[in-house]
Each structure stands twice: as C-alpha cells, then as structure tokens.
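See the structures that follow.
Consider the two complexes below, in which subunit A is the common component and subunit B and subunit C are the respective partners.
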Partner chain A sequence: MTTDAKQSWAGERMPCLGGLCGALFAPRCTPEGKYLDTLPGLIAIALAFLTLSGAVMAAYYDPWHAFASVQFIRREVNNGWLVQAYHATGATALFGLVYLHLFRVMLTRAYRAPGEFAWWLAVKLLALLLFVGWMGFVLSGGAAGYWSLFNAANAAVSLPGAPGAVARWFLGGPAAPASLARLEMFHTVLALAALAVAGGLLAARRKVAPQPAPGKGVAFYPYYLAQYLAALAVFALIFSVLLFFAPHFGQPAVNALAADPLTLPAGTALPWYLLPLAGVADALPGLWGGVAGVAGALVVLAALPWLDRAGPDGAKGKLYCALTWILALDVLALGATSAAHDNPQAPLLLGLFTLWYFFHFLVLTPLVTAMEAK
Partner chain B sequence: MAETAATEASGHGTESRRGFLTILTGAASAVAIGAIGWPLVDALNPDAESEAGARLIVDVADIAENTAKAVQWGGLPIYIRKLTAQQIADAQAVVPDTLPDPADFMSRVPAAYQNYVVVVGLNTGTPCELEGNDPADPRGDFGGWICPCDGSQYDPLGRVRSGPAKKNLAIPRFTFINAAQIQFG
Partner chain C sequence: MRRFFAPLLALGLAAAGAAQAEDTLTPLHFQSQGALGSIDKAAAQRGFLVYQTVCAACHSANALHYRDLEALGLTPDQAAGVAAGVKLADGSAATLDSPFKDPAMPASAFGGAAPPDLSSIVAQRKHGTMYIYKLLTGYAAAPQSVNLLPGHYYNTAFPGGQIAMPPVLRDNAVTYADGTAATAQQEAADVAEFLTWAADPNLSARHQIGLRAVIFFLFLSLVALASKRGIWRERA
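And then the complex of A and B:
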C-alpha cells in the first residue's frame, strides 16, 4: 500500500487522522530540503525522549525527599545514572534545538505569512519549555533550585489579591515539599502540553514548506526519512558527547549540594537556558518589573510577524540579517551577564542588553525592514 | 578481471550496494535504538535496595532451642524456630493423616537442617500475627503457636492442629547458605 492509499484509507474512516497523516508525512516534498528543516522534528523527538526518561524517573522520584531520591535514582536504580543524565542532558539539547530553530526562522524570516502560525507555536513552545525547565531544575532538590523556588514563591505568595491567590493555589504555600509535589505534577502535565505544541509546530511547518512543482515532488519515504535519519545521527552524536563527557553542562555547581533552608549558598544561579530571560527580569525593578520583562520579551518575539514591515514578499536585506546576528549576540551577552550577576558592572550591562533587545524588536525591526523593502 | 571490477563499481553492483546500505542503516538504527532504549526499560527493574531486601540474609546461629526469631521479609512476618530433640521426636511420631491439613515431618523442615522450621507467622484463618515465639509466650496445647484473634493452634512445625484455621502455616522460599545463615528469595 502506498502512502497515499494508506492516508485515504485512514482519512475515510477518521477524517482528522487523514489530515494529521497528510500534515506529518506530506506525501510530496521538494527534492532539495535543507538539513536544518528537520529541527522541528528533532525537537519533537527530543521532547518525546525527555517524556520517556521523565516517566521512568517519576517511578522513583519523591518530592518529600527530592535530593535524596535523585541520589537514589543515580545510585540504586538499574542504569538510573544514565536515565537521570538522559533527562538533564536532554533538557540542554532540547533548549539548544529550540533556540537554534527560533534563530534560524528569524534569520530566514520564515515567520512571515503564511509562516506566522508556525512561528507563534514555536514561541509558545519556548515559553512552555522555559516554565517546564525551571520546574525541572527546582525538582532536582539542589541548593540552587531550592533558593530559586524560595525567592519566586515568597514573592508570589505575598502578592495581594488574585495573583497571590493563584500563586498560593499553584504552589501550596511557600517553598515547602508540598510545593515540589505540585511542581512535579505541573512539570509532567505542561511537558505533555509542550509535546502537543511540538506536534502542532511540526504540522504547521509542513504547510509552510515549499510545495514542489507538479510531477517534481519526491515522497517522504525514503528520501526525507533518510535526511531525518542523517540529521538525527548528527544530533545523537552531539547529544552523546554532552551526555558522557559533560553531564552537568550548564547546571549551576551549587545545585550539587542538597537544599538547606537555613543556609543560603554563596552563588545562586540558574541553568544556562533560563539565563537570558532571567537577565531581562533582573534588569527591571521589582517583582512586577521582572514579570513584565519576561512576558514582554516573549510577546515582542511573538509579535515579530507584525513588526516586520517588509510584507510577505518583501526583499530580505543584509542590514536586517546583520541586526539579527547582533540580537543573537545580545541574548548570549544577557545570559553571560546574568550568570555573573555578582559583578559590580552587571546591573548596568543587564540594563543595556535588555534595552537593546527591546530596541531591536520595537524600533529597529519595523524601521529597517520597511526601509529595505523599498 | 579489471573489466569485471569496473562493471561492478559503475552499474552492475548498484542494486546490491543499495541493499547492503539499507541493511547496514537498518541494523545500525536498530542497535542504536536498542542501546538508548534499554536503560529506560532496565531502570524499571527492581532497584538495588529492593533487590537486596528481596534476597534478605538472616543469621540463625544465635537462635536458642525452643525459641523462634521473627524477621520481616516481603511484607510478611517470618518466624524461624529452632526445635529441641524432644519436639523433633514428637513431631515425627504424629501420623500425618490424623491432622486437619496432612503434612509429614520432612515436608515442613529443610532436609539438611532438620532442627529449623521457617514459616510465615500469620494465622491461616483470621490473618493475625501468631504468638509463641518465646518459651514464655502462650503456645496452646501443642507447644507451637497460638492465634490471639481466633484461637487456632499450631504445632512447632507450623501444622494446624485445632481452631478455625484449616491450613498449615505457609513456608517461604529460602535456602541455607551455611549452618549459620539463611537467605530468602
């Protein structure tokens, strides 16, 4: 049975299934696909892999003895050290893929219509994953995770009115083991939601992919499957190197200590994938400043299809391309400065980099794209 | 010779080469998926702590005659009792067919260490923990164990002799590692 026949067989019996098959395994693609087009697929695979390893760890994880249970997983569970490393390194790999995908879409300006829906899904995925990633970092029960939760929870729970009530409902009181039990639940549920968003991203990207000229297309199998396998092999190689040679990559060293409510560790920090956004939050004053910074940074990202004034068919100028590269450097600099936040110059630099981030989206993007489109 | 090699390299061998590459890719993928997936499956096997608990080793050398030691294994109270020569002789004298749940002496004790009885210390009628491990405890008319809940009585081999209970005490899976230690599981 050919792919077409299978699709119509399933589609007749369950129309939405036929549509899903068509979206995920489009029968006809252009012959010259780019290897980086496999990024959404790799994101979905990495997310599914994280879900699997997380499900295995959930069998042993105990939020009331979080740090001890992670140690138990690493020492007593068969291959537990490997499963735990899968999960920790999987998070690093997943965020690497998501950041790379977002950057690539910005660079190729594929977020313009009709790609804006796929772009929103990608930004939504990033927002969800940042939240899920932070919860996973807190669930490790290490000192850095504990104090991150402590600070966030105490600030949120003491808010007046509805926000405080929501925070109390979500956390079940400030930084108690009960909070970890809830966070474990939300970590799981939102990770599954992220898996659904990743599936949506995959389907939406298929629609945006260039359509082949009549009679020129090639089938997904075996051409694109081979491409996916090659991309997956390269990804697996990088993943293995990180897994076996840098299992604590991007994790604050303090998190290797058990959390102690009476001892504030000298350097509290976050994992690398949270650092740029934490830098934006730190640059703005107060709790609401931080919240507004994080929300604003994601909102301007999502608003990119409107901020780009060149229109769907406008020319792609070199200047805007260079500005996008500068933005990437700016985000890296935000992360690096946020990691070194004890430096006396850090507040000033964080302010500057945050200013540039919003300046890029809100001023430079509309101006330069409109100018270059003429 | 040279001509054959050239033919194979250019056109003739393409089909077999593609087949070979397909098999190679498929095999490598299968190995890779297996290697990645196996730790996830293996991690759900019993962990080292449960495994150690499931293969519990108990020291029996310190048990005095006519006394039983209680240990917990697999969530059950296990009684390990050392018999006196008199109790062995008495138990062997009983005709199994006269008992509520007939069982002969050799089916109740390990063949190599016939002075030890290892049983699950739960009454087989009303599930209560039995009394009679210490010589000073109430033991009933047969010198074994008695149930404080329904009054069922057992002999030193754990065979039911009277009371609502109808079955002998269960014997857990165990082996003598040496004269001083037994291992469960």
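And then the complex of A and C:
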C-alpha cells in the first residue's frame, strides 16, 4: 500500500487515524532539519515526565507538614529520592529548554508573521511555568520557599480592593499551611494547563513550518523520528549528569533548612530560573513597581513581533543579531546580580540591567530593525 | 544523658563490622566527596559513635531513625541495641530526637542559641562536610582585637567568628572499636562523614546509578546520532 492509500484507508474508517497517518508518513517536511527545531517537542516531553514524577510525589506529599513530607519522600519512600531529584532537576531542564527556545526564536527572528502566534504561546508557556515553578519551590517547605511565600503573600493580601480579595481567595491568608494546600492544587492544575499550552505550541509551529518544494518533501517517519530520538538521547545524557551529580543545581542551600516562622535565615534566595525576573522586580520601587516590572518584562517580550519593524520579509541584520546576544548576557547578568543581592552594588547594577532590558525592546528593537530593513 | 552509654555503644559497634583502623587525616580526605564519592561506612560508624556520645547531648538528628543505621553496616539487632541503650519505647523505629523534653529549654539554657538539628546540616552549609570538620577543629584563643560576647567561643570557621557552642571534641573522647586513633581531628572528620551520610543517605547509590546512566546514555546518543545520519544519507 502506498502512503496515500494507507492514509485514505485509515481516514475513511476513522478520520483522526487518517490524520495521524498523514502526519507520520506524508512527505510534508522540509529536507533539512535543525536539531534545535526539536526544542518544543523536548519541552512537551520534559513537561509530561515532570507531570508523572509529580503525580508520584503527590501520593506522599502533605502540605500541612510540607518539609517533613519531602524528607519522608527523600528518605523513606522506595526510590523516593530518585523521583524527588528527578522532579527538581526536571524543573531545571525544562526552564533551560524554554529559555533556549525563546532565545533561538529571537535570534532567527522566527517570531515574525506568520510565527507570531507560536511566539505568544511560547511566552505564555514561560509565564505559566515561572508561576508553576515558584509554587513548586514554595511547596518544598524549606526556609527559602517559606520566606518567599511570606513576602509575596503579605504583599498580595494587603492590596486594596479586588486584587487583595483575589489574593486572599487564592492563598487563604498569608503563608499558612492552608496556603500550601491551595498552592499544591494550583501547582497541579496550572502544570496541566502548561502541558496544554505546550501542545498548542507544537501545533502552531507545525502549521507555520516552512513548506518543502513540490516533490522534495520528506516524511516524519523515519527521518524526523530519527532526529527526535537523537535529540532526546543527548538531552537524556545532559539530564542524567545533572540528576545524579548535581541534584540541587541552582537551588538555594537555605532551602535544606526547615521553615521556621521565627527565624529569618541569612541569604534567602530563589531557584536560578526565577532570578532574572526577580531582579527586574527588585529594581523597581514598591509593590506595584515589582508587579509592573514582572508584567512589563513579559509583555514587551510578547510584543516583539510588533516591535520588530522590519516586516515579515525584511532583511536580518547583523547588528540586531549582536544586540540579541547582548540581551541574553543582560538577562544572565540580571540573574547573577539578583543572586548576590546582599552586595552593596547590587541595587545600582539591577537598575542598569533592567533599564537595558526595556531599552532593548522599546527603543533599540524598533530603531535598529527599521534601519536595517532599508 | 546519652553520653553515659558510650562504653556500651562502643561495645555494640565493635561487632558491627570487621573494620580496619584507618587514618583519614594524612592527608585529610573524605571518601564521600567528589563526583564519584561514596560514604565511608567505617568512618560514618565511628562518626555515629562520636555523635551519640558527644553531639547528641544537645543536638537532635530527627530525620533519622535508629533503624537507618543498618545502611551503615549495623545488623538490625545492633541498631535495636543502640536504641535500647537510649531506653526508647519505639526501639529502632525511634528517631534521633532532641535530648530536651521541653523545646524551649535549650534556647533558654544556652543564652538564646538553640542547638540546630543535625539531620541536614551538611546540605544547608556551603561545602558542608568540610565546614563541619573546620568548625569542630576551628576553636582557638581569641585574638586581642576580638571582644568575645558572654558565653561565646572564638572559632575561625564560624561566620562572625563567635560561636555559642563550646569546644566539645577532645582526644580520646570516645574509644574506637576498630583501633583508629581517636584524636580530636579524627573525631571531627568522622562525625563530618556521618553527617554527610545523614544529610544524603542515598549518596553512594546516586553516584553508582548515575555513572551507569551516563555511560548508557552516552552510547545511546552515539548510536542515535549515527542512525540519524545513516537514515538521512539513504534518502539522498
């Protein structure tokens, strides 16, 4: 049977099976694929495995004795230490993939029409995962997580009017065990929502993927399947190095301490993936400054398709490419400075790096892209 | 109170393993450190003896049960014997609790400085194993420029240099059953290895499985990359 015959045979009997047949066997893909094109697929796979390990942990996790129950998982449950380390390292790997994907799309400027919808989904995925990741960090019940929740919850429930009411409903009061019980539920629900967004990202990218010249296309099976398997194997290699030899990578050591409401530990910090955004929030004064900083940083990222004035077919200039690399360094510097926030120079540096972040998107991007498109 | 059981403990641990006298001090090394490190069970057993004889007078390690000591090479009967020496109703299922009945008591007794729980102390401090060793061996006479707070001791490893914990380790504070010389430094090194195990009981297994996983995925990556190249070459 030819591919067309298989597809029509299956499609006539069960339409979705025909669609699957077409996706696997029809020669719809371009004959040159980059390994890094597999990033959205790896993101979806990493998220699915995080959900599985989270489901195992949920069987033993107890928000009313959060720290003790995580210790129980790590010390008493059969292979619990492996599942817990897998979940923590999975968060690190997932954020690594998402940040890398966003950076790559910015560098190749694939966010321009018709790729803008996939770009929005990717930014939405990042925003959702940052929230889910923060909740997971808080759920560990360690000292760093407790005080992060304490600060966030006290600020949020003291807001006047509707925002405060929503925060009280969401958290059930400031930094209580009841908050952790609610956060556990939202951590699960929003993680599943992130899985849906990741699926949407895959679908949106498939739709706008470059089409092959007639007669030159290749099928997903076996060509792209082989590529996915190779990318997955390399990813698994990097992942197992982190999992087995650096299971606490990027986590503040203070979080190994049980939370104590009467003791503020020195040097509380956040996991690495939250640091750049926390730096932006710290750089702006007041509670609303922090909220505006976090929201603004994500909004300008999502607005990139409009801020790029070169148009869908405009030239890709070298200068803007260099500026994108500088932006990546700027975000790394924001994270590093935020981690060292006890340094007396930190507020000044955070201000500078935050200024550059917004200057890049709001001023440099429209100017340089318009200039280079001429 | 537990310190009075030291001779009993030493006797119990003497039968625990046919461990040889060892010297981890020249040069100072911890078998648990490094990418492929594993817990030195003999040192950790000696460290437990030091913990139970000296540290446990003030500190708890309440994430551990007496039965967990079986992972260090004790038989179930020996672990039960150690627990029985502390006169616990739960036997070896009991946790290594604080010796103080009243949780507010230690802080009031030691001028506000409550002895911290030691179960995860190595994970909480930077370079935790070395930190424990340096802290326990870091007591010195205070320099002229330092004004010691009342009830504090000068310690070069402690942040700020002034610690409320008195120097507790001294030569021959315990008698090691395996013949290792019980100098204060050796006791500090052994207790550091024990607390490294306490903070991460699965360290040895993690490194062992990790090495196999990395080798497996290394070969899988090579095979997958080669097969991808082969499949794409056939197309041309």
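Observations, loosely collected:
Operating definition for what follows: the second predicted complex is superposed on the first by the 347 of 374 C-alpha atoms of A that agree within 3 Å, B and C clash if a C-alpha of one lies under 4 Å from a C-alpha of the other, contacts with A are read in each partner's own complex, and residues count from 1 in each chain.
The rule is simple: a residue touches a chain if its C-beta (ideal position, glycine included) is under 8 Å from a C-beta of that chain, and two chains touch if they have at least 3 such contacts.
From a predicted model like this one, the values you see are computed outputs, not experimental measurements.
In the superposition on chain A, A:78 makes contact with subunit B only, while subunit C stays out of contact range. In the superposition on chain A, A:236 contacts both subunit B and subunit C. Of the two partner chains, neither subunit B nor subunit C is touched by A:213.
Shared-chain residue A:16: touches no atom of subunit B or subunit C. When both complexes are overlaid on chain A, the residue A:60 reaches subunit B alone and has no touch with subunit C. Touch counts on subunit A: comparing subunit C and subunit B, the chain ahead is C.
Contacts of A:262 after superposition: neither subunit B nor subunit C is touched. By the touch criterion stated above, A:162 is placed in contact with neither subunit B nor subunit C. Of the two partner chains placed by the overlay, only subunit B lies in contact with A:52; subunit C stays clear of it.
Taken together, the two structures place residues 75, 82, 226, 229, 236 of subunit A in contact with subunit B in one case and with subunit C in the other.
If you check the complex, the residues on subunit A that touch subunit C are 31, 71, 74-75, 81-82, 85, 218, 222-223, 226-227, 229-230, 232-234, 236-237, 240-241, 243-245, 247-248, 253-254, 256-258, 266. On the subunit C side of its complex with subunit A, the touching residues are 35, 63, 68, 117, 119-120, 123-126, 159, 199, 201-202, 206-207, 209-211, 213-214, 217-218, 220-221, 223-225, 227-228, 231-232, 235. Contacts from subunit A toward subunit B in the complex involve residues 49, 52-53, 56-57, 59-60, 72, 75-80, 82-83, 86, 226, 229, 236. Listed in rising order, the residues of subunit B touching subunit A in the complex are 25, 29, 32, 36, 38-40, 42-45, 47-49.
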